[in-house]
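What follows is subunit A paired twice: with subunit B in the first complex and subunit C in the second.
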Partner chain A sequence: MKLRAFAPIAVLVLLCLMIAVFSPNFLSVSNAIRILNAAAIPMVLVMGATFVILMGSIDLSVEGVVSLTAVVTASLVQNNLTSADLGYWAVPIAMLAGGAIGAVNGATHVLMRIPSFMATLGIGFVCLGISTAALGGFPVRIADREFRNITLGRTFDIPHGVYIALAAVIVAYIIQQRTRLGRWVYAIGTDETTARQSGVPVERTRILVFALAGIFSGLAGALAAAQLGQGHGLIASGRLFTTVTAVVVGGTALSGGVGSVLNSVVGVLIVVVLTNGMVLMGVPPFVQQGVQGLLIIVAVSLALDRRLLSVVK
Partner chain B sequence: MKERIRDLVPVAALFLLVFGIAGYSPGFMRPDNLLTLTADTMTLFLMASGVTFVIMLGSIDLSIQGVASMTSCIVAAMLPEYGALALAVALAAGALSGLASGLVVNYLRIPSFVATLAVGGIVTSVAYWASDTRSVYISQEDQDAWLDWATGNFLGIDNEIWTGLVALVLLTVLLSFTRFGRMVRAVGSQERAVIASGIDVDRVKLAAFVLSGFMAGLAGVVMGARLGSGSPTLANEFLLPAIACVIVGGTAITGGVGAVWKTFVGALIVAVVRIGMTFVGVTVFAQQIVFGLVLVLAVAITMDRSKVATVK
Partner chain C sequence: MSAIIAQRAAIAAALTLTIGFAAPASAQDKDLTLAISMRSLSNPYHATFAEGGRKFAEAAGLPFEILVTEGNSEKGLADIRALISRTGGNVCINVDPNDSPDARTIVEEAEAAGAHVVTQWNKPEDLHPWDHNPAYVAHMSFSGIGTSKEITNVLIEAMGGEGGIVALGGILSNVPAIERKQGMEQAVAEAGGAVEILDFQPADWNETKAFEIMQAWLTRYGDDIKGVWAANDSMAVGALEALRQEGRAGEVPVVGIDGTDAAMSAIEAGEMAGTVAWDPMWTGGMGLSLCEAVATGKLDIAAEPEEHREFYGTGIVVTPGNIADFKNRDPSFDYNDYWAKSTGQIQY
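Our next item is the complex of A and B:
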């Protein structure tokens, strides 16, 4: 058990060593900053996704929520389509919007009693549809250079997005360790029936956790908009895959109850370092999705506690 | 009796929709228009028909859009040099990705939605590799020589419709009149009981995933033939409508209940809804919104909640 807990970190260290051997450029300060920068948005996303997966559920709406909130953000700061100019206030609004969509995810899943992967698949497509339909397929371009500093600006040579991601990790860790919500998530993920009988408000917690995941996705949407200087329906493509990979590679079990947001921090680093290493070693970019697919399979099969599963659907 | 009524709701909905649109725009009922509509629906049906088996097991296959895109690339890239062999390789690749999903679900005991999400990623990489990361055009000669079965016409009816009908008949026979079909239904209704009676459940599941991959592969080939090109993102918008077809037709995601003809009806409903939305002036982009909502609603209606103790 103890060994398994350290496996993800061991994998990360081994991976770094291997890449460093093949490519000396890997161990440079500028490359480290590049890795941190690439990890920022996925880091924010997995914070929310971890709580959902800890409950044994899944949120497949990540790409939809990120693209919709990126469009919201881009249309609220100075841009080429609307006359809005809210500056930094666009970020909390995007987070609220994300939270609202997350609450809809949770409510659909809980109140209509349908599995979360179906509810979030459907709602995710709705969000993607809204963000493309609202713009007729075109992007909104951000004209506010100041605003783009929330991810692009640098303090001590490190992009601001990295600090924001770090803050997100701290907030998520506090929620996990110090709040009732955090403990309830583990209780529900471990055994929902027992949790219910011991008085955990299962339904409310589930909705809250999906809303929380939405808030993190909303933040990620705002960061993505600032980073790329635009918002459009395809801005988030590939994000879901990376998010799920990072969470399970970090060692959080899809069956729920086992894992932590810190595991997911390691998971994101593994995925990002691997991608970075493949680029340094000249592996074509399209191979990355395949490698991530393999990673998911390997990680999940290592992390699953098979005693709990007599029937796998 | 109640089940009979439930069976007929999708059919009734289809007729209502068709007549509704006909009232709105009388030209809609012209036979050639209806035939075009049906032909356009067939690729979606082909994709959904294989998944029907997987969903009836109570599992899901999220890799179908990746598989279809991949086979379109393989066919487009290989046709000029290899001819008919290209078709065989593409279909085999589809079946092989289904096999991979099935093996991962069975032997690594990974839930199908994650397993197929992962296999979908791998398959997409293969598609990019096969197509050299771009769209590959299929020349007119190759099209006429090798893909006429998919794009030509016979007795005045587009060959897509014939292909779809053949699939409908064969898969219906497979599901309703063979041991495999009965097993799929049984595993979907009472997996533990089937295991307890000493039947090799893993083999049934494996076969269902292979079938799903094969049909998605076939759908990709037909799609590529229709569009005259293969591309690694060709089928990207098809996952949601394909699953919607299965569920809207009345197959429950909890497994055990369903039929291939229901998926056929579901595919027509999806197509008619799409046409209807275009008539009413809903843009293509906004149609995704409607399909997302329809999917959620249909799942909520068809799901058998007595079967799942806790909904995760």
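Our next item is the complex of A and C:
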């Protein structure tokens, strides 16, 4: 039973060994840094997504929030469209904006009693719509080289984005382990009725958790803008799939109550190592998707003792 | 009850925000209506395409509408059907069909209602304007193979004529992705063994995906990479940013296709070796101008030769050497000189 908790790590280690056999370069320090760098933005995103999924909900607004906050970030630092020059202050503003959208997600879900699936999908579209309409389809390009150092700069040869992702993981872990919010999330995910009866403020917790996920998405949006040097409506395409996959592959159950942010750390690494490894091993492009799909199913089936789940939906 | 109303209002608001670009023309308009239809306004190419159409409509003083398919063929067709019936067929549509087969349905609907259509990029090979006179005015495109070959030669030259290149492709099933890949392969073959394609990976036109693949390539091939080819500028910029992350932007030449602003400034900064600038301002405006001329009887399109019905526009190769001239060029063109920028009949 305890062994199963280490299944995602075992999958990650096996995957690394397999790739290393075919491509010795995989184990080089420079490649490790590249993998960490590629993992930085997904890592920040899954920290928020894990809490939402632990609660038994889902947040599909990831791409919308990331693109909108990337556009906000790019428009607040020196750029080719506005005269703003806030520098690093753009980051907390993007996080606040993300948190506000997250709160709207939560409020729509809780107050209007719309399933989180639909509520977040709708809000996500609204965000994509705003970032497209605001720019008329064109990107905002960042001119502030200094600002781009939040991802491009290096300390001890490791890109700053990696440190930011690490900080996000630590913050998320503390929230999970040391706060009432963390305990409530597990209580709601395990059994909402019981949680309610034992005095957990279910509605407030749900809204707070969506707001928290929004803050992480906002941070990811700022990082994406800094990494690619621009903000536009399509900057986040593909992020939602990576995020949800990483959480689930890491061993957090979509049904809620089971899992941890640390599981998701491993999940992100599995997904990123896989993408990196397929290119290194020279797997033909049309086979890659198939391999990816199979490995995801294997990882998920190993990570959870499915016999313990009463319902699978 | 009120919760349900609030819910509906929220959905309605969401829909208006995402798709609400088309200003409805009033049904009483007796004027010819001009319309542009394409996938989305979230990319610079299509945003400029729509702007080109708007400028012509403004010059002609006619009502103008923008239809957006959002990548959904059903929605695209339904919007066009609604527009044709609303205007009683008194409409010119310049459409970039979401998928090739859509073009046939659009042409048939237009023909039945007496409307006029110009298509861009996508249509079935056996669907020809001259088989549907005068409803199907023309089809415009850009030569994917030819321009891709040109830009690949620019890359090879920037590499000093030899070495390994890595190539980022578009979505594997897209016609432009296939053509651009072919053009690249032809140029490499003509270099006669001096240039080698180290690896080809589709990054689905996506910046972030290109970034990740480029990172992996740096591990796999390292300094053997002498050049980076990308089937569009978004992916070229993604690869360039992966190089920048390693402090190598500008050391390895990168080329893309499309001529986006980001690519242009990378060329000016000496970080990209070139791109191909399409002319969406021209396809947007000229497509409608041609269509309007036929609809108002100024031009008898049935009498025009085939090379005036299916033709390529001009793709301009932009490099650090000519970017200053390119930026200073006069972007205006004569709406009545329909084929001035045509570079020949489309070859299948």
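In this section, the second predicted complex is superposed on the first by the 283 of 313 C-alpha atoms of A that agree within 3 Å, B and C clash if a C-alpha of one lies under 4 Å from a C-alpha of the other, contacts with A are read in each partner's own complex, and residues count from 1 in each chain.
We take it that contacts are C-beta pairs under 8 Å (C-beta built on N, C-alpha and C of every residue); 3 or more make two chains touch, one makes a residue touch a chain.
Since we're looking at a predicted model, the values are computed, not measured.
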Touching partner for A:G293 - first (subunit B), second (subunit C), both, neither:
first
Contacts for A:G229 in the overlay, against subunit B (first) and subunit C (second): which applies, first, second, both or neither?
second
With both complexes superposed on chain A, which partner does A:G136 reach: first (subunit B), second (subunit C), both or neither?
both
With both complexes superposed on chain A, which partner does A:I174 reach: first (subunit B), second (subunit C), both or neither?
neither
One more residue to check, A:L14. First (subunit B), second (subunit C), both or neither?
neither
Which partner does A:N31 contact after superposing on A: first (subunit B), second (subunit C), both, neither?
second
Tell me the contact category for A:T108 with respect to subunit B and subunit C: first, second, both or neither.
both
Pick out the shared contact residues on subunit A: the ones touching subunit B in one complex and subunit C in the other.
108, 112-114, 122-123, 125-126, 128-130, 132-133, 136-137, 233, 286
Considering the complex alone, what residue numbers of subunit B touch subunit A?
57-60, 104-106, 108-115, 117-122, 124-126, 128-129, 133, 191-192, 195, 232, 240, 243, 253, 255, 283, 285-293, 295-296, 299-300, 303, 305, 308-312
Write out the stretch or stretches of subunit C touching subunit A in their complex.
3, 6-7, 10-11, 13-14, 17-19, 21, 40-44, 46-47, 172, 199-202, 204, 206-209, 211-213, 215-220, 222, 234, 237-238, 241, 244-245, 260-262, 265
What residues of subunit A sit close enough to touch subunit C in their complex?
23, 25-26, 28, 30-31, 34, 37-38, 80, 108, 112-114, 122-123, 125-126, 128-133, 136-139, 141, 151-152, 159, 224, 227-230, 232-239, 272, 275-277, 279-280, 282, 285-286
Going by the contact rule at the top, pick out the subunit A residues touching subunit B in the complex.
55-58, 108-110, 112-119, 121-126, 128-130, 132-133, 136-137, 192-193, 233, 241, 244, 248, 254, 256, 284, 286-294, 296-297, 300-301, 304, 306, 309-313
